[in-house]
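Data first, discussion second: the structure below is written as structure tokens.
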């Protein structure tokens, strides 16, 4: 029974704590949150005790740390957990600064501790199944991947301003998926962006509509499109073309009901919210971490995956700002 | 170049005459119609001469007869064509009377001439491909077939009154398809019917909504549903379950356009009219006949197929009228 | 917090006990099972105590009874629960005997207690949404309903022999759905059956392949097809035609992954097992009961619904045995 | 009855001549081809006379010119037709040289004659319907368009070497569609390319896999992906996102047949060849030209559209070659 210390009792912290509590293989021993009531409520629900971050990281009866605090705390908490010799599962991103990530990864590397980054989409059952079939050769050698990600609507302006921008906040998921699907590092990134959904987003120096294409040294191409608008639900699709065929995975409708009449055939909108669309993905992410730590398996996505995705997000941001392609090392 | 005498220049006569003219392998030599102008117009279009039915059947420069006249003329024209030694393609049905069909088939049998009945749906590219895959064993041994046929709207009451009723006029196509798909004769027929679309149809002694299920001696089952109403287009679907899987074939939408918004995902209605939905089927029917006559191949659906479908339609009618299952020999 | 006494800790008992435990609005106070270990394990998991059926029904700290014992015990346990003044949720069927059901319902009626029958499919999110849209008039007046239900494979022969036959064991779900969708009572039932999947089923006096069509007094038609075989998963579909259009709801694939290559476009098989396909339905069923009992709402499906479905199943069985339509009062 | 002079009796010349002959509103009066037999055969089929290009252009009984000769002849034949005062429908492209196109358009402008360029995809029934719904505001203001075009296989190397490269030969269709769908001029073009399908294509200085994204002055984005490989048929899809929703149009399968078994649900490959996929588009293109000339309507796509697409193709080629974005005026 793996004993977790969970840092952060916000939306994602709750989701993860409940998965741990229901796993049958792990439990939440301690919980911390800046808001005492949030920590107390969740602790009561999952049978945990409330403690400070420092105490949790030091605690002898904590085997693993799950970090779901705000982004600015991630790197130092990873380092503290690693210095305490504990495996860490940290929500993305490690940091908005590539330099800070590199510094943090050096600590983890020196300590030889486990670090897994929570890129939840790799654990979506359909995306994971698709990627496994890719690796098993179902479509031969990968030539081109396309990733579509469209949010139902823009986040609040307060969030936008602190987010690091669409490429670092939203597209980073797709940039990680691109590496996951294509299986090679991208060496050049080209970005276009615009604020077509809400001019205030543009005024804040960000975009709400974007397209990126990237290429690996061997020539493989990935195309990503993002928008902060999708009137029909949370649009999440991937499509990968290889030398022997194509694999794609897509959206899930609210129900399977279809109405046919003189206007045509109408299916329901698709699942609208990320906790619903990726609910199983979040659970599988945590269960994978529990399994890896318990059974000594290698974890992915690793800290290095987190670093690479951040580099691509920085490159996309710079490409959009300068109007020129950006090389990535 | 097979020289056709085409009897009837109505809606279906036109469709067939144009197919012959464009086939490159046959031509319309002569055309007859009770309406001189209809005959003259179509003759001009396809490069044929107008003549009387009698003269066409006797003509030395006519190699084959295509009958697209009203149903009451079919049997005698088939007999006349057969007595003149000519192969005949006749639109369904041979007659509304099973006795008359049997009499007619005896003439054809005695003359050993070719007779093909125009059950066009067997020639729909998707239905034909499905049936071929069935025969090739794609789903093993057939266990159950389902046929859905729904007209966009009821025919005029004048037509209803002369039609022989829904089971003989509309469902007869599905009854033929049932034999085509299942590959065995049905021995028992059960019918339900109602007039839910237009009470005037019920008042005229007919139904506009019907369900039939039938069984073969070996136990295979076919279920047919019909309606004179489909607000979303002309609904034509088949589904066959076998010991190793299922094959189905369906409708074609007006376009491939799909609209997604807050109301969901909407595809176009399906093709609405039988000449559009089965345009390729009509053409393939005539081309199959031309090929069979030219190259001495066996034709199907045969006169016997026409007889069996009519027997099933009579049985369905009787089952509906009596509320009891009807055995078919 | 509604306190349940759960009778039966088998497959369905477990599913329901877990739903109750996770509901936040009810808890499993006591559990009974003929197998002491099964009862003890489940009790430990959901925080309940083990007791005898008799003690549970009498217990003052039990507010409601959930019956998931084998069918032969249902009627007497319903009566005992009702006599103790407790609301009862009983898995289908009340009994394989219509007379026994009627007797049982009289007890419930006399006691004016609540009885809900577990026809789980009414609670499938897609089927429930479809039925709500039907009642809201989305397709006008219902004219024809089609229900397809195909199991992935036949049950063990031991089960077959005690099941009451396909019509009472398997199709009874569809017969209840038919009433749920069409909203009128059926007055005539016609059945066909065969043993095409496994001859041993036929030898045991049962069928594995069946078609039923039924009609209401106003003429509405329902067609049901069943098979104990579906190589591609657990096939569960409904389609309802009304005067203004069609509503249908269907299957859920294992993933959304699609593979395209020279052989075509291939989607995954559909969910294969009823606990997976109807997992949400089972949960919603219990949550609906909890809500109804807690808030004094009327429950459906009621004991009367259970009775009517059983009458239709008897009629279908008799129709299959006699080869004649059977009237239902 | 509009009298056409058709220049070129190759694959596309035949398609167009047959459409004219069957239109009922026009006829092929004269035909020219460098290969006398090709001209004679097609002339016999459609009831035309063979003549030289010069004589056809001068002929008093020729009302319109259709140019389906090899690309190097297009510009001079357009000019000759225009100088003879005749409306011209010319297959794409006018020329591989933007300067030559501009020169040619000046002649047409001076003569005030009609010139239509044969970008056939605008006339695909689904793409045309989608664009009409866009213009009618079905999804509000356009924000992003995605165009996928994948050939079933690479063309012969001889063709590749003379083609002007993938961007000018293949993607030019998508570049025209991009303008058609988005309704604004693109001001910047970014291209990636690789030879992943056949290294010989790369050795010849071309690519077989490419991605382009472009942006208009107002910020609208279009993403195009191309490949010379698609194992599952000729892949042709468009998707347009607007402020109020999404419109997309896609591929057509060979049949509607679907097979379900333990491996899943399999649909047929999609139409494999461009004459089949765009057969109706080619016909509609010619019929639109006939209607425009006969009834004095404006034609589109115009010579200007041909020029703009060529500029975008040049920009994409240059962007791929230099690895930098290219501005378009």
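Order of writing sets the chain letters: A, B, C and D. Residues in each chain are counted from 1.
Everything that follows uses one rule, which is that a contact is a pair of C-beta atoms (placed from the backbone, for glycine too) under 8 Å apart; a residue touches a chain by one contact, two chains touch by 3 or more.
These numbers come from a predicted model, not from an experiment.
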Seminar exercise, completed: When A-C and C-D are ranked by contacting C-beta pairs, first comes A-C
Seminar exercise, completed: Farthest CA centroid from chain A: chain B
Exercise. How far is the middle of chain A from the middle of chain C, if each middle is the mean of its Cα atoms, in Å?
Worked result: 40
Seminar exercise, completed: In whole angstrom, the CA-centroid distance of chain C from chain D equals 58
Exercise. Which chain D residues reach two or more other chains?
Worked result: 231-232, 244-246, 260-262
Exercise. Across the complex, what residues on chain B touch chain C?
Worked result: 141, 143-144, 146, 148, 150, 188, 190, 192, 194-197, 209-211, 213, 215, 219-221, 223, 225, 227, 229-232, 241, 243-246, 323-325
For this session: Over in the complex, which chain D residues touch chain B? Could you list them?
Result: 125-126, 129-130, 133, 138-139, 244-252, 255-262
Seminar exercise, completed: So, in the complex, the side of chain B touching chain A is made of residues 231-232, 253, 260-270
